[in-house]
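The data blocks that follow each hold one structure.
Shared between the two complexes below is chain A, which pairs with chain B and chain C, respectively.
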Partner chain A sequence: MSIQALLTEYGDKYLQALLTTWRLTVISFAAAFLIGIVITVLRVCPIRPLRMFGDFYVQIFRNIPGAALLILLVYALPYLQIIFPYDACVLIATILIPSAFCSEHLMSGMNTISPGQIEAARALGLTFFQMIRRIIIPQALRSTVLPMTNLLVATMLTTSLASQVPMRPRDLTGLVSYINTRAAGGVAAFVISAALYCATALVIGAVGSLIDRKVRILR
Partner chain B sequence: MTQTSIRDMLYESPGPKAKKRIRFFTGLALILLAALLALVIRQFAVTGQFAEKYWSFFARFTTWRFLGEGLLTTLEAALTGSAIAFILGFLLMRGKLRRNRILRAVSTALIEFTRGVPTLLFIYFFFLVVPKTGWKPSAFWKITLPCAISACGVVAEALRSGVNAVPRGQTEAALSLGLTETRLFYKVVFPQAFRFVIPSLIAELVIVLKDTTFAYIVTCADLMQNAKVLISNYDAMLSVYLVVAVIYILINYLLNKISDRLALKLRRTAAEGSKA
Partner chain C sequence: MSQSETPVIELKNVNKHFGDLHVLQDVSLSVKKGEVVVIIGPSGSGKSTLCRTINRLETIDSGEILIEGEPVPQEGRKLAELRSRIGMVFQSFNLFAHMSILDNLTLAPVDVLKIPRKEAREEAMKLLERVGVADQAKKVPAQLSGGQQQRAAIARALAMHPKAMLFDEPTSALDPEMIGEVLSVMTELASEGMTMLIVTHEMNFARQVADRVIFMDGGKIIEENTPDAFFEHPASERAQNFLKTIRDH
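For the complex of A and B:
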């Protein structure tokens, strides 16, 4: 089928799929970001068991393949009488994995802060949480805009996991395999989805480097 | 400076009051984490997942041999995929650094394309479209090639950042010594660039290895696929998938550790070099 024929027949389906991919990406990234910050605070707090828990969490979700995690959530957890609907399983997987990478980026962002600032903050009598909130997090965020932009793109790519479960509405990857099993969509079906993914990634990248230029701390 | 240094600078050595508080919260955290663990174990026990039939076959040699065969295929696919990604990435990097405008534009477009499209889409392409063209690759290549293609853009960018990290003065020195541009690249720039990017290449190997988990789509007998066979033989979904997930995590953890070590070592050598 040509691209035009595909668009007239499946145009609204593609639009829906694009919106689904965007929705999954935005929700996953926002949640992963918040969890990433919490985990990072745990990893630097003075309470050793919490630090170890934070490190453990990051190592688990940084290293588990997305497919393995999704399969565990969808097929294995019901044996423990923990049953999530399909879209929840996808979201959990696409939140947990990026959250670990988010924490890793924040940790390396924190390492760019000079020790003198911490000493100054302590000399001024700031508490641990004041220091985290006023000194560490703002600077860690400002110096990690580019890694975070890449993480947002990676999160979008991870949401293609949604094609592995019977989830409705379908995401961009799921729609392509659906079209190809129903009719011979051929190369064109892939080209449309790929173009939509790429366009999104390029926009994210452009906005990211714009923000980075605005907020980066020159050292 | 190690990765964790900032952790220890955030607070000075605690006084008696703070020590007490830290002790209290440490205890509290331990109790909470223990409760969490107990909850997980309870759930396993309540649902009967500790039953012997779910775990006893892990004591058998054949189980591990079968999983080992799958793991071997996984590693083979990951290594082959990474090698192909390296070759493609190298070509793309060379293309992007050329003066020829068309070559540069094509390389840039290909890099952005492979970086912006999910691996699964490439896998479905090799699964659904490629066999219809008359070329019928085996299951192994149907998973390895898409993983390689999806990784090559990232490899190209990593190599390019490595090339850019080689001091400009060396290029000038080599050119003034009369080296041709090709010799300059292969004798002076690339060997150093390659050393710089070894950590990110290992990190990329981890990504390819994770992507090969999708081999069940093309029914290639990798670790995950063999796990499925085990599951249907012993009717033990949870235990097998948990063990397989742990295997994946351990391998990737090890690879990442090696990558971090090398990166740290490289940074140290660089710091010493700039001091001298």
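For the complex of A and C:
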């Protein structure tokens, strides 16, 4: 089928799939971002067991393939009498993995802060949490806008895991499988989804650069 | 002690090692209210380390450090509270890079002392006025010269109404033409009665403002005297050599 024919027949489904991909991406990234910050705070806090937990968390979720994690959630957890809906399984996978990367980015962002600033904060009498909230996290965030932009794109691409479970409505990748099992959509069906992924990524990239220029810290 | 008043800063037999290096050897000293004490000595003599142990940016192995008669707490909220009472100025300014100069000054008063923001801002502007960088208040640190940054850093410490100020080589990272502006702020501070402990290489400044000069070498206090007596007639051979090397330049 030609691209034109596919769009005529499945146009509304593509739109729905795009919105689904966007929805998964936004939820995943927002949650991953918050969890990433919390994990990062644990990784630098004065309490050793919490630091170890934070490092362990990152090692696990940074190094596990998304598909493997999803299979675990969908097929292994039911043996423990834990059954999540399909879309929840997808979201858990697409939150946990990016959250580990988010924490790694923040850790490298922290390295851009001169140790002297931390000493100054301590000398002024700031507590650990005041220092984290006012000095460390703000600077780490502002110096990692571009890596975070990449993470957002990567998170979007990770949401294609949704195609591996019978989730409704389908995401962009899931829709391609759907079309190709019903009709001979062929490569064209892929091309449309790919174009939509790329367009979204371009917008994310442009907005990221804009934000980066606005908040970058003069040194 | 003839003085009935408790010293603001007191060190008793403080020892510290960096690995095998004994960087502070049985150091005792006290700084009274309103006193300006200058520590000089060759690099590696332990003078910066000494300065940093007072608000526990460096821990000590043995001995005692008292601030207004109270021992410096080990950690946590109590230590933070004590630090808030002692101002510190660093060699590399250490202003918060992501904040305006004004926000640098109001952060700790608002967050630590819980002073209302509006009041903190007014006070901060007065302090910036006093150190001569009020017109830079809205800029971020990187937009200021080194001398301006250091003056702002002094104002940031003053915004906490400290009981004493520690200066850890405040002019060592500055271009020569900017040293004067920082020293004049410090001189003014000293004349207003601020209790100050200053680690510096500026001998003329030490001579002018110090009530007492402490000469350190090899982790020990070698000599302690009034500036005139110390600079005119250093008692120890090490101090004589040190002053000679400096003057020969």
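In this text, the second predicted complex is superposed on the first by the 219 of 219 C-alpha atoms of A that agree within 3 Å, B and C clash if a C-alpha of one lies under 4 Å from a C-alpha of the other, contacts with A are read in each partner's own complex, and residues count from 1 in each chain.
Going forward, a contact is a pair of C-beta atoms (placed from the backbone, for glycine too) under 8 Å apart; a residue touches a chain by one contact, two chains touch by 3 or more.
Keep in mind it's a predicted model, so treat the numbers as computed, not measured.
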Worksheet item: Does the superposition put A:Ala120 against chain B (first), chain C (second), both, or neither?
Response: second
Worksheet item: Now for A:Gln139: first (chain B), second (chain C), both, or neither, which partner does it touch?
Response: second
Worksheet item: In the superposed arrangement, does A:Gln130 touch chain B (first), chain C (second), both or neither?
Response: second
Worksheet item: On chain A, which partner's contacts cover more residues, chain B's or chain C's?
Response: B
Discussion item. Once chain A of both complexes is superposed, is A:Ile83 in touch with chain B (first), chain C (second), both, or neither?
Written reply: neither
Practice prompt. Identify the partner contact of A:Arg48: answer first if only chain B is touched, second if only chain C is, both if each is, neither if none is.
Written response: first
Discussion item. Applying the document's definition of touch, where does A:Ile217 land relative to chain B and chain C: first, second, both, or neither?
Written reply: second
Worksheet item: For chain A, what residues appear in both contact lists, the one with chain B and the one with chain C?
Response: 46, 113, 119, 122
Worksheet item: For chain B, which residues count as touching chain A in their complex?
Response: 1, 3, 5-7, 9-12, 14, 22, 25-26, 29-30, 33, 43-44, 46-47, 49, 112-113, 115-121, 124-125, 128-129, 132, 206, 209-211, 213-214, 216, 224, 237-238, 241-242, 244-245, 248-250, 252-253, 256
Worksheet entry | Footprint of chain B on chain A - complex, ascending | 43-44, 46-51, 53, 59-60, 62-69, 71-72, 75-76, 79-82, 107-108, 110-111, 113, 115, 118-119, 122, 128, 131, 136, 153, 156-158, 160-161, 163-164, 172-173, 176-177, 180-181, 184, 186-187, 190, 193-194, 197-198, 200-202
Discussion item. Quick check on the complex: what are the chain C residues that touch chain A?
Written reply: 55, 57, 75, 77, 80-88, 90, 92-98, 107-108, 111-112, 140, 142-143, 153, 156-157, 160
Discussion item. Touching residues of chain A toward chain C in the complex: what are they?
Written reply: 46, 113-114, 116-117, 119-127, 130, 134-135, 138-139, 142, 217-219
